[in-house]
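The letters A, B, C and D name the chains in turn, as written, and every chain counts its residues from 1.
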Amino acid sequence: MPPSRAVLAAALLIALAACGTENTPAVGGAGEAAKPVTSGSLTHAVDEEPDCWDPHVSAQDVTSFLQRPVYDSLVYQTPDGALEPWLATKWEVSPDSKAYTFTLREDVVFHDGAKLDAEAVKANFDHITAKETNSQYAAGLLGPYKGVSVVAPNQVKIEFTRPYVPFLQAASTTALGIASPASLKAGSDVLCAAGAGSVGSGPFTSGAYVRGQERTYAKNAAYNWAPKDAGHAGPARLDSVKVRFISEDATRVGALSSGQVDTASKIPANQLGVLKANPELQVLDKQVPGAVNAFYLNTKGALFSDVKVRQAFQRAIDVDTLVKSVFQGIYPRAWSPLSPTTPSSYDASLENTWPTDTALAGKLLDEAGWTGRDSEGYRTKDGKRLTVVAPIYGEASTFSQAVQGDLKKSGIYLDLLASTDAIEIGGRLDEGRYDVVELSWARGDGDILSHFFFSDQTSKNSGHNFAQVTDPGVDKWLTAAQTAQEPAQRAAEYAQVQKWAIENAVVVPTYVDTQNLGASKKVHDLRLSISAHPEFYAAWVESP
Amino acid sequence: MSLVEAVDLNVWFAGGRVHAVRDASLRLEPGRCLALVGESGSGKSALARSLLGLAGPTATVTAGELRIAGQDTRGFGPRDWRKVRGRHVGLVSQDALVALDPLRPIGAEITESLLAHRTVPRNKVGERVVDLLTRVGVPEPEERARQYVHQLSGGLRQRALIASAIAAEPGILIADEPTTALDAAVQARVLALLDELKEQGTGLLLISHDLAVVEALADEVAVMRHGVIVETGPTDRVLDDPRHEYTRELLAAVPGTRPRPPRGPLAKGDPLLTVTGVVKRFGARTAVAGADFTLRPGETLGLVGESGSGKTTLARVVLGMAAPDEGTVLLDGAPWSGVPERARRSRRRTIQLIPQDPLSAVDPRWPVSRVVGEALAATGVPRAERTARTVLLLERVGLTPDLLDRRPAALSGGQRQRVAIARALAPQPKLLVCDEPVSALDVSVQAQVLDLLRRLQEELGLATLFISHDLAVVREVCDRVMVMKDGVVVESGPVEDVFAGPAHPYTKALLDAVPRRARTAHEPAQERL
Amino acid sequence: MKHTGTVIAALLLGLILAAAAFPGLLTGGDPTATDPLATLLPPDAAHFFGTDQLGRDVFTRVVYGARHSLAIGAAATVGGLLIAVVWGLLAALSGRFGDAVLMRVADALLALPGLLLALLVVLITGKGVIGATLAVAVGIAPGFARVVRAQALVVRRSGYVEAAIGLGVPRPLVTLRHVLPNTFGPLLVLASVTLGISISTGAALSYLGLGAQPPTPEWGAMLTESQGFLHLAWWAALFPGLMLVLTVIAVTVVGRHAQNRSEGRYAS
Amino acid sequence: MRGVLARLVSAALVVWAAATCAFLVLQLIPGDPVYAIVGSDALVSEEQHERIREEYGLDQPLVAQYLNYVVRLATFRFGESYQLQQPVSTVLADQLWPTVQLALAATVLAPLLAVLVAVATSGRAAWPRRVAAAVELVVVSTPSFWLGIMLLTIFSFRLGWLPVAETGGVASLVLPTITLALPIAAVLTQVMREGLLSALDQPFAVTARARGVPETAVRYRHALRHSAIPALTMAGWFTGTLLGGAVIVENVFARPGIGRITLQAVGDRDLPVVQGVVALSAVVFVAVAALIDVLYAVVDPRLRRRTGVQAI
């Protein structure tokens, strides 16, 4: 599975900022009578497996999640989204938002015995930005990166060429996690291979790894630098963690039901009922902040350059019914390209402003000249079928197929070109040979909007502007939001962008991605991080 | 006491739909040999197998009386029969190469016989195997016992098979075509061994289609046809004075037993075919090592030798199907070898082949009319005339026009061979090459086809190269004969001279191996000539 | 009756062929029509085989699936056969060198598992029905090519070909008249037996996501989709697979019958 | 000695030819392989594309790439996986064991089943044969992916007897092994039974019966060994089915292994891995062919070179 899955599959990135009013889901919270056990092991099942395990290289969400126990970051972000010190005890932001100076803890020891200092942090940033690293994501997170310098043995400064407010959140991600400087010299083979090659300062050390099967972690007994709100202090409670790779949904759920694993992520919505009915299991869910699952319409393509056709597509889909059916009423329907849980940026005024209206859609299509019908009932114009080409990396999801079925009723053929072949999909996206792209992208900051709508963020140019928006107004709003440090001001700018995107029908938001975690009731104090992945640090398992 | 006493024995197959043996009665005494004679399908093997309880899983056997070694076997179960087999009745079948398990050393096969009835204590088995092999005349028995069937020569194999059959000292030995697969010379020695066993008191039930073998071994003969024993009696009486019509037919059909027809003076004139110093090699092996001969119009040349002697290779060179490595072939005075196929094509009609196996010689998808039609077309007969010409050709080879639309699979072996002959005649050749033309056919059919060939030869004045391993047949149809051994022509000359006074030891050995009756039968014919 | 099994198989095959040719006769539904309100319903009177995760009628999809699954198998068999005939005849009729080269290539390809070979082809063609069909065709071609060559050599050395040459019939004519038809006949029989395997392999490629793509109602692809909710809706996995098995059985039984007939086992 | 050498040379030729085919096939793939390396993720610049092209030698002329490939092949290096950024040999070595486990288990199970069923149904009575033949037909006609899915549904999801996913234990090997072995066993049974029945019809079986040897002994002592010969002929097919079957079975049961990595590599166009798998399976095929030749000689003395001398 190439890293690009992260782009087109519903990819989740560690997000910055708070999740608003959402409660932090956790299994067996403090109210329980059971007393934590400081031993034992936990087995977790995930649906995918990193291709390369170096978080500095990989763009896969799963890499970030599975390397989190091994690598600590400078900044910690609580499940509620607040930022707090971790490897850095404090930081200073220059008034122009162009320079960040971190002061480091002095008691941190990497798994290989090396001590954390400013040189070590510099080595990490140098590694991320080195050309040989071929970083597919971490370097991109650094945005307008200028350089890193050691200010003092325990102080390090990172500078940018222009104001870059989103950096602090980026610094909390595993992608910018701090590895032992010695381990970085081992070369990409070793770093990508996990196992002994992954050396960080986290609460767990990297254990054995069998590709396609499982990876293990062992407790780091020396760990004593957990962030304040980690829910626990000192060494991790679990002696070991084992992660198993089970890509088949049914099998993963089966493994959980039969007790082969203690916890499992990515529980498909249609299986939640089964799990909830099981008295030995519990389910946690959490709405993911950032860009919701949405169709981005290629405004430079032959079909969707016509705003009427875009609006027809936007109104033809019965989003409410489909989301309710496919996700069993668990995922909320989306009205804006941003998730409601994205802090200080969601524009709630968009809700219910563009309800499904197939009659209107039909009228718009008629006006655009799509008046004919072919033998299968699809609309045609000049004998050509109304085909909407949708490249999909990986497999077409049930939801995509449901949309496909729904659009057929309006005479629109949604051609789902599903492939794991990056050559084909990558080429298509770069060359603009598509009509829509469906994806979600989690980030706890409204800045995610610039990835999708800023004019220079084209696919060919490292961005995700699949709608190919080139609007000076949008660019202006987004730049203003990146520079402003005042949340309310940023929110106002982002609201403009959201409104513009919906009104011009460059995007059709569908549902708010929701992470579902199934767990045995024997598992306690396992909580979902800001990015909705389980944090193993504080968790413990009742001994049988 | 008789070893076998069967009265009104019946064998049915396929749930009673096929009545293979009807009311057969026979008796076998110790030290005597009873021969069952008949063509394939006459029921002789079914009858013999039923004496072992091995008529087959679909067979039903009933008998008024069936006593073997004194035991009434009616109502025997598998376990009872097992005690009879090997211990009281031994079986020697046709080809030891397949009748002995090819994956086991012959010693193991003989041991199996010994252990099946525990006639010998286990620790003496090895010794006994060597004894048995010695007794049947296998040299170096200890070493042979460790060898596999494929490592033994045909004669030794058959001896080993006999050794395994007599290992548990059965009083009765059923020999089912015991020498058919063997070359003539080896055949005689195996017959001698069987004769010796008979002398020692074994009762021998011989099954054979070869009357010469029967005469050499049997004391009594039973002739079978369609499951019925039509005639029984002492061997000499039955063979010399057959009483049943069918017996007479059978005897008349045996090649070589018939009078040699009068032949004209040896042909004169320019040679049709001249073969000079022909050598043909396949890799390191030399198949033909220098053959020289000529063939004149109307002349029949016999080419004799055992399999692998190079006969067929020489025939292919003559036919222009294989190029000689050395030497030349002239056809009608013009070079036939060493010229491009294009130059040969128009002349090919001059020389035609009559193959051994007529089934593979005709396209299985084509009806007779097309098979012959292709030959006519190839020699330029206009389409309109082809059907009429085909009918004429079929009549000439003794076939009726109603066969025109039949495909090869729907013809009998004899009919197929006649079609092949008709095809060969279609281009009006001057020379026929007959490669074992009758050896794939039943005895009675053999005679008819040979008659046909001889008649055609006379009517059309064809020159013939006649290849055969059967001396009797050669003697019957040829003017001159060439004997080949290991690719070398060891002797050649007029048939009478060669047969009367063979010069080469190999020719002598070949002639000696021909059973007595076949030889003696010719005496009167010679006189009549 | 002697061939009861064959008769049943032939009837079944007829029914499947009818479904492939005129699916509308057996079902009035649309195989790709979704119904968000009727997902994963168990079999009942309205939906004989239940519905899938998108509320599509499994029975309708199974009926329409016959067309796609049979088409891939049949087209692949014919394609493989054509490749093999050209390949095998070229080898048998070209000289020693050409024969050696062509057969070594076949050997090399035979050294790879058929499925791997098919995967390689899909790499080039890209996934989809056409890619999968070609892949299956190429997968069976080397084996067939060997059979064609062997058969052609047997025919070429047979008595009737020699007889034709002995009559002075030009070689190209002999090839056309005798070698080609007598090589092709047994191959057709082999093909009828291989058809079942081709259908099965085509479905396997679709199952692996390389053949027919959703929402195409192809049996293998339907199985892939159904695997995500196996324990919720057994019917979505059972019926497409069952039809696939029945089809392969029917094709195999009828094919074997043809083979036996052509080998004359029923002659007497 | 010369025989061994010739064998090695021809084996190397087959591997080389297969690898060359794979190389040529992969050249025919349309599109820029750099995308396969970096993925379609756009966080990689044009300039980086060029550097990657250089790094993987994709900027060199085709002939140079091919020679490079052959040299690497000869030294058992297959280059670096585009996706996993690890040497292909390491990737394959890591994945080999689970597949070998599965293949070995199936290799033991299939012939065992085949022998048992074939012997049990080659008796006089026709009905066990009919029943077995019908079962075999059904099994052979059942695609292994569906067989696997059904076994999984019944034994893991419904009955809960066996684990639904790979656990590393023996229990998780049961269903995959059955899925892989059953179709092979069915075909082998057919072949062996046919072999047995034809061997039992051979004259040597009649001879053995005529010695008074019991029917079962005829079957075990004589016929079984003969039926092994046609079964051995199936070995090439057998190997191919094992490897091809591994692709399917590993995917159905979510097991790690060569089959899984192969499908993934094909889907991702991870060409070095595909080439590695092709070379690996060619080597396996050649090795199996050599092993089978040895087995032939063990079973059938007629095929033993040294003993082929005629002794008169």
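Convention: contacts are C-beta pairs under 8 Å (C-beta built on N, C-alpha and C of every residue); 3 or more make two chains touch, one makes a residue touch a chain.
Treat the numbers as computed from the prediction; the structure is a model and nothing was measured.
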Identifier of the chain whose CA centre is least distant from the whole-structure CA centre: D
Pair joined by the larger number of C-beta contacts - C-D, A-C: C-D
Between subunit D and subunit C, distance of the C-alpha-averaged centres to the nearest whole Å: 21
Cα-centroid distance, subunit A relative to subunit C, in whole angstrom: 44
Between subunit A and subunit D, centroid-to-centroid distance (C-alpha), Å: 40
Inter-chain centre distance, subunit B versus subunit D - centres from mean C-alpha coordinates, in Å: 48
Contacts with two or more other chains, residues of subunit C listed in rising order: 126, 209, 227, 230-231
Residue numbers of subunit D (touch at least two other chains): 29-30, 152, 157, 267, 269
Numbers and ranges of subunit A residues touching at least 2 other chains: 248, 250, 254, 419, 421, 424
Residues of subunit A that touch subunit D when the two form their complex: 1-8, 45, 51-52, 57, 59, 131, 134-137, 139-140, 188-189, 192-193, 210-214, 244-248, 250-252, 254-255, 258, 260, 393, 419-427, 429-430, 458-464
Partner subunit C, residues of subunit D touching it in the complex: 13-15, 17-18, 20-22, 25-26, 28-30, 137-138, 140-146, 149-150, 152-153, 157-158, 236, 239-245, 247-248, 251-252, 262-263, 266-267, 269, 274, 277-278, 281-282, 285-286
Contact footprint of subunit B on subunit D as seen in their complex: 124, 202-204, 206-215, 221-222, 225-226, 299-302, 307-312
Contacting residues of subunit B [partner subunit C, same complex]: 319, 321, 341, 344-349, 351-353, 355, 357-358, 360-365, 371, 374-375, 378-379, 409, 420, 423, 426-427
Residue numbers on subunit A that touch subunit C, as the complex places them: 248-250, 253-254, 268, 270-271, 274, 318, 321-322, 324-326, 395-396, 398, 401-402, 404-406, 408, 416, 418-419, 421, 424
